[in-house]
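Below: a set of structures, written as C-alpha cells.
In what follows, chain A forms one complex with chain B and a second complex with chain C.
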Partner chain A sequence: MSIVIPPPPDFTTHEGGGAEFNSATPSRTWYHYVLILASIVFAAVSVGFIGTILWNALPDFEHHTGTLLGGNGWQSPAGPFGGLAMIVGTLETSVVALVIAVVIGLGTSISIVFLLPRRFRNVVATLVELLAAVPSVVYGLWGFLVLAPWMLKTVIPWLNSWPFAKELFGNPGQQDGQSLLLASIVLAVMILPTFVAISREVISVVPNDLIEASLSLGATRWQMIREVVLPTAKIGLFGATFLALARATGETVAVALIAGGVANVQYHLLYPGTSIASWIATEFGEAQGNEISALMALGVLLMLVNFGLSLISRWLVSRQRKVLAVV
Partner chain B sequence: MSDMTELAEPVETGHQMRDEIRSISDRSRARRQVRSRIMVVLCAIALSVTAVPLVLLLFQLFNRGLPVVLHTGFYTQLPQTPSLIAPNATGGVSNAILGTLVLTLYASVMAIPVGVLVGVYLAESDSKLAATLRVISQTMAGAPSILMGLFAFSFVVRDLHVGFSAIAGSFALAVLMLPVIVISSEIAVRGVPHTLREAGLALGAKPHKVSMKIVLPAAMTGIVTGIILAISRAIGETAPVLLVIGGGYINSWKPLDPVSALPLSIYENAKSEWPSLRTEVWGIALVLVVFVFVLSLSARIWASRKQQAR
Partner chain C sequence: MDQEFMAQVETKVVVPTESPQRGAAAMQLKGVAVSFHGRVAVRDCTFDVTKNRVTSLIGPSGSGKTTLLRALNRLHDLTPGAKVAGQILLEGTDIYRGDITVTELRTRVGMVFQRPNPFPTMSIYENAVSGLRFNGVKKKSILDEAAETSLKSAALWDSVQSRLKVAASNLSGGEQQRLCIARALAMDPEVLLMDEPTSALDPIATLKIEELMTELKKRVTVIIVTHNMQQAARISDDCAFLLMGEDRAGELIEFDTTEKIFNNPIDPRTLDYTLGRFG
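What follows is the complex of A and B.
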C-alpha cells in the first residue's frame, strides 16, 4: 500500500542510457520495438482508464451537474442523485484523519530519526511498513467489529460528559457505533504509515552540518529540531501531508464498513455518514442506468481531487530536493 | 548622575553583573532544557501511539482468528449460508482462497511483462513519451483503487460483454499493479552502475544486448522486489474486485467464471447478521494478513540481503 516517490531522474549524470535509443546510431532492433510497444500499451491503458470513467460519467454531467455538486439526498432507482453528502463526508473524514495523522506522524518521524538508537531504526521502520501492508478491509473489519462497540460503550459516554461536546459532536444515542469520527480515526491509522515514510525520509536528509552547527551554538535538542530541522524540511513535509490527504480521500472499504453509509449531510461527527469512494462501493452493486453514470461522475470527482493532490505533493517533494541541493 | 555613582564601585558591580548574567542564563538554559525534555517525551509518546493499533490489531487477529483457521474444513469446504436450523454452519472459504490465487495469477501474467518492459524503457530513454509516462505512472500509482473497479466494470464487464468474472477482477488488479511495477523497475534499472553498461559497450556488445544480458540481470533483485510488493498490495485490495468478480460460491480456475476472493468474503461476512459468520471472518482476515505479511517481509529481507552481498 505504501506509495514510494522515486527520486526524479537525474539526466545530468545519465548519458549512456538516454543517448542509446535516441541517437542516430542504428540501434532500432526488435528489442527497442518491444519496449516501445509495451510503453504504448501502458499509455493506452492509462488513457483508457481515465477516458472510460469520463465517458460513462458524461450522461450525468450533461443533465445533472448542479445536483451532483450541490444536491442533498440520493433516491436510489430514479434519482435525483445529490453528491453533497458524500463530498462533505469525504472532506470531514479526511481532514480529521489528516490532523491526527500529521500530529502523531511528525512525532514518530522525529523520534525515529533523532531519538532512537541506530540499531532500532530499521526495526521500527519495518513495523511502520507492516502497518502499511495491512489490507484496508482488515482495518475496516477491526473498526467495525472491535472499535465500534468500544466507541459505543466507552468513548461516547465519556465524550458526552464534557461541556459542549453534544453540540459539537452530536449525541447519537443507541445506534451501532458507526460514525464519521470512528471512520476518521481508522483512516488516520491507515494514512499514518504513508506520512511517516515520506516525512522520515525528508527529515533524515536534512544536512548534518546544519544540525551540528545549531547544537554547537548551544541549542537544545528540541530547539535544534524546531529552529533548524523542521524549517529546512518544511516543503517536503507539506508534500507528505498532501500525499496522505490523497490517500485518505481515496480509501474505500474501510470507510464503507465504519462510516455507516448514510447519505445525509452531517456536520456532527458522531453521526453516521459516508464518503465518495465508499458510496460508490456500496451502491454500485444494485445501480442501474442513470445511477451508474451518477456514480461514475462521483468517480470523476474523486479522480480529479486525487490526481490534483498527488501532483501537488510530488511537486513539493521535488522542490524540497532542490532546496537541499542548494544548502 | 546615577551612572556616575554606579561607576564609583567598578569591581563589585562587575561581579554583580557577571553573577546576574550567569543566573539569567542558567535559568534560561534550565527552561530550554525542560522544554526540550517535554517535547522529546511527547515525540516518544507519538511513536508508541503509532505502534498501538498494530499491536491491538494483531492481537485481535490471532486471538479470534486462530481457533477458526485450525479446522481443515476452513480450507477445503465451500461457504454455506447459515440458517435458523443450523446457525453455526459456515462451511469454509476454499473458493475465496482459490479465487485470490487465480486473480493474482492472471493479474500478474497481465501486469508483470508490460510493467517491467515499460520500466526498462523509462530508465533507458529520455524521450517525450518517457517523460509523459513517468508522470502518468506516478499519478496512477496513487489513484484510488475503487476507480480501477469502475474501469474494469465499464470496459471488461459491460463493453466487452465478458460479465462478472475472474478475468475482469484480474484486469482491475493488473491496472492497479502496473504503475507500481513500472516505478520500481525504473528505479532498479537506473540503480545499475554505469561502469557495467560501459564495460559491455566497450567490449563491442550491441546496446540491446547490453541492456538484456547485463543491465537486466543486474537489476533483477530490485525488479522482483517491486513485483512482490505489487502483488502483496493487489492481494489485499477489496474495492476493485468488489464491483466485478461476482462473488461465486464455486471452486474454479476458469477466467470467465465468477469467483470470490479473501478480501471480498471478509467484507461480506463482516456485514452479515449471523454471529457465526462474524466469528469466521477473523480467520479469513488472519489468512489474508499472513499472506500479505509473508510476501512483503520476504521481499524486504531478500532485497536487503542481496544488497549486502553486492
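What follows is the complex of A and C.
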C-alpha cells in the first residue's frame, strides 16, 4: 500500500469542456449507457448500505444512546447493551498498538531511506509490502498460538518483576493468555506495514536539495534527519499515523481471536477485553431484536470514527503535498 | 550561426582589467577526476583557486562543471558508486585523505545551490543560523549576532529584519537565494561554492547577487559554476574552461585569469566557446 504524492492530472480545467468533447463523437454508443448504469448502481449501493445501517441502528440511538456510549455490560438477549467496554477496549488496543508501531515504523522508514545499504533496502521494503498483504486472520492465529504462550511464559513474569507493574497492567495469573495487551501487540504488527509504507514514501520525497543543503552546512547525517527531513515530512507522517490508527480501530478478526471477548471495561491491559469491531463479529450470529440495533449502532459509531480518521489522514497528506510544493 | 548575433555577443562581453598578480591558494586541485560506477565524468583538473578572488567554472552542458564543484566539499560522498581521484587541497590539507572530517570540511567550504533551497519548516532567522546550530552553537547572543551579520553580508538584513520569525518560504526567489548565501556565510567559511546560483532567478535578482559576489570576495574565496559567459566575464577574476571530450568525459581545457580566457586564450576551442561559436 502506498500513497502517491504527485497530484492526479486535473481534467476539469481541460478547455472546451465535456459537452463539446461528447459532441465530437458520432453518437452515444452502448458503452456510454453501461458506464452510466454502473455509476448509478454504485451510488445506489452506497446510499442503500449506509441508509439500511442507519435505519437499523436508529431504535438504539433513539432510546439507548446513553447506554451505548456510557453503559458497562452487555446482557444478551434482553439488554441493556452497554458499549463502553468496546469503546474503551478499541481505544486502548489502538493507541497502544499505534505507539508501538510508530516508534518501530519510523525507525524502519528512516533506515530504509537513509541508513541501510542499497541491497538491504529493497529486501526490507519488500518484506514490509509482504506483511501488508497477510490476511488478518493469519495474524490472529499467530497471536493466539505463538505469541500468547510466549507472553504467558516470558513477558508477563518479566513485566511483573517491575515495581507497580501489577497495579498498572494487572496480574491475571495463569489463563490462556488472551488479553488487551496481546491484541495491542498483534495490532501493532498488523499496522506496522501500513505505517512504514506511507511514512517511507513521505520521507523519501523530501527534496534532495534540502538534504544536500543541510549536509553542506556541516550537519551530521543524524542532524540532517532530525532537523530537516522529519520536520519537512511531519505533516505527512501524521497522515500515516492516522491511517494506521484507522486500520487498528477497524481490525476485527485478529482482535476477536486474541482479545478475550469480555464485555467489561478493563483498564489493566493484561486482562481480557474486547473492541467494537470484534464484538460485532462475535455477537451478531445470535443477536435478536434490540441487540441487533445495538450492534448496528456500534457499527455506525465505528464507521463514523474510521471515516473521520481517513478524512483527517487524506487532508494531512494533501497538506504535505503543499509543503513540498513550496520548496 | 548568424553573423549579427555573433557581433552582439562579442561586444557584450566586458572583461575586467585586473593585474594578473596571484595571491596564496585557498584550494589546489591536482589531477582531479570524478567517476560514477567507473564511468569518468570529469578529469585532468589541475589549477589553483586563489584567495579572495572569484573563480568561475565555464563550459557547455555535460562538461563536468557541477560535478567538479561538488567534489570540492565532498557532496559526492552521498552518491553510490562515485569516486574522486587526484588531490584536492584546502590550505594544504587533502580533503579526502587528510586530517579533516567531512563535517569540518563543509563548515569551511560552504555551498549555494542552483535552486534557492531554504529549509521550508524554518523561519528566516532559523535558516540563517541553521549551520551554527548543526555545529552545536546554542547561545542566543552568538546566534543573534551571526544572523544579523550574515543577513547584512547577503544584503538581506534591511528587508527582513522586521520579520525574522516569518517562514522563509514567504520570501521571493531572489531573497530566498540571498538567505541561502547568508546561511552559508554564517559559518564564516573560507571558500564559498556556488552552483549556477542565479539560473533560477530573474535579471534584477541576478544583478543583486552578482553585486553581492564582488563584495563577498573581500572575505571569502568564491568558486562559481555558470552557464552564462557574460556573468563569468563580469564577476570572475579567474576562469576555468571545461569541455566534454570524445569519450563524453569533461576535462579542463584551459585555466587562466578571466581576462586571458576571454581576450587571449591559448586554446582555439576556448576562443570559440567564449565567442559563442558553440555551446
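One rule holds for everything that comes next: the second predicted complex is superposed on the first by the 295 of 327 C-alpha atoms of A that agree within 3 Å, B and C clash if a C-alpha of one lies under 4 Å from a C-alpha of the other, contacts with A are read in each partner's own complex, and residues count from 1 in each chain.
In the analysis below, a residue touches a chain if its C-beta (ideal position, glycine included) is under 8 Å from a C-beta of that chain, and two chains touch if they have at least 3 such contacts.
Everything quoted here is computed from the prediction, not taken from an experiment.
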- Query: Put the two structures on top of each other at chain A: do chain B and chain C fit, or clash?
  - Reply: fit
- Between chain B (first) and chain C (second), which does A:L127 come into contact with in this model arrangement: first, second, both, or neither? first
- Message: Quick check on the superposed pair: does A:V323 touch chain B, chain C, both, or neither? Answer first, second, both or neither.
- Response: second
- Task: Using the touch definition from the top, say if A:S39 reaches chain B (first), chain C (second), both or neither.
- Result: first
- Task: Mind working out whether A:S76 is in touch with chain B, chain C, both or neither, as first, second, both or neither?
- Result: neither
- Have a look at where A:T220 lands relative to chain B and chain C in the superposition and call it first, second, both or neither. both
- Contact breadth on chain A, by residue count: chain C or chain B: B
- Item | chain B versus chain C as contact partner of A:P231, first or second or both or neither | second
- Task: Mind working out whether A:L106 is in touch with chain B, chain C, both or neither, as first, second, both or neither?
- Result: first
- Task: For A:D209, decide between first (touching chain B), second (touching chain C), both and neither.
- Result: second
- Task: Could you look at A:T154 and tell me whether it touches chain B, chain C, both or neither (first, second, both, neither)?
- Result: neither
- Task: After superposing the two complexes, find the smallest distance in angstrom between C-alpha atoms of chain B and C-alpha atoms of chain C.
- Result: 6
- Overlapping contact positions on chain A, where the chain C interface meets the chain B interface: 218, 220, 223
- Write out the stretch or stretches of chain C touching chain A in their complex. 73, 75, 78, 80, 103-104, 106-107, 110-111, 113, 115, 117, 119-122, 130-131, 133-135, 169, 180, 183-184, 187
- Give every residue of chain B touching chain A within the complex, in rising order. 29, 32-33, 35-36, 39-40, 42-47, 49-51, 53-54, 56-57, 60-61, 113-115, 117-118, 120-127, 129-130, 132-134, 136-151, 153-155, 159, 175, 178, 182-184, 186-187, 190, 194, 197-198, 201, 206-208, 211-212, 232-233, 235-239, 242-243, 263, 266-267, 270-271, 278, 281-282, 285, 288-289, 292-293, 296-297, 300
- How about chain A: which of its residues touch chain B in the complex? 1, 3-6, 9, 11, 14, 16-18, 20-22, 25, 27, 29, 31-32, 34-36, 38-39, 41-43, 45-46, 48-49, 52-53, 55-56, 103-108, 110-112, 115-116, 124, 126-131, 133-142, 144-146, 189, 192, 196, 218, 220-223, 225-226, 243, 246-247, 249-253, 256-257, 277, 280-281, 284-285, 295-296, 299, 302-303, 306-307, 310-311, 314
- Which residues of chain A touch chain C in the complex? 118, 207, 209-220, 223, 227-228, 231-232, 234, 323, 326-327
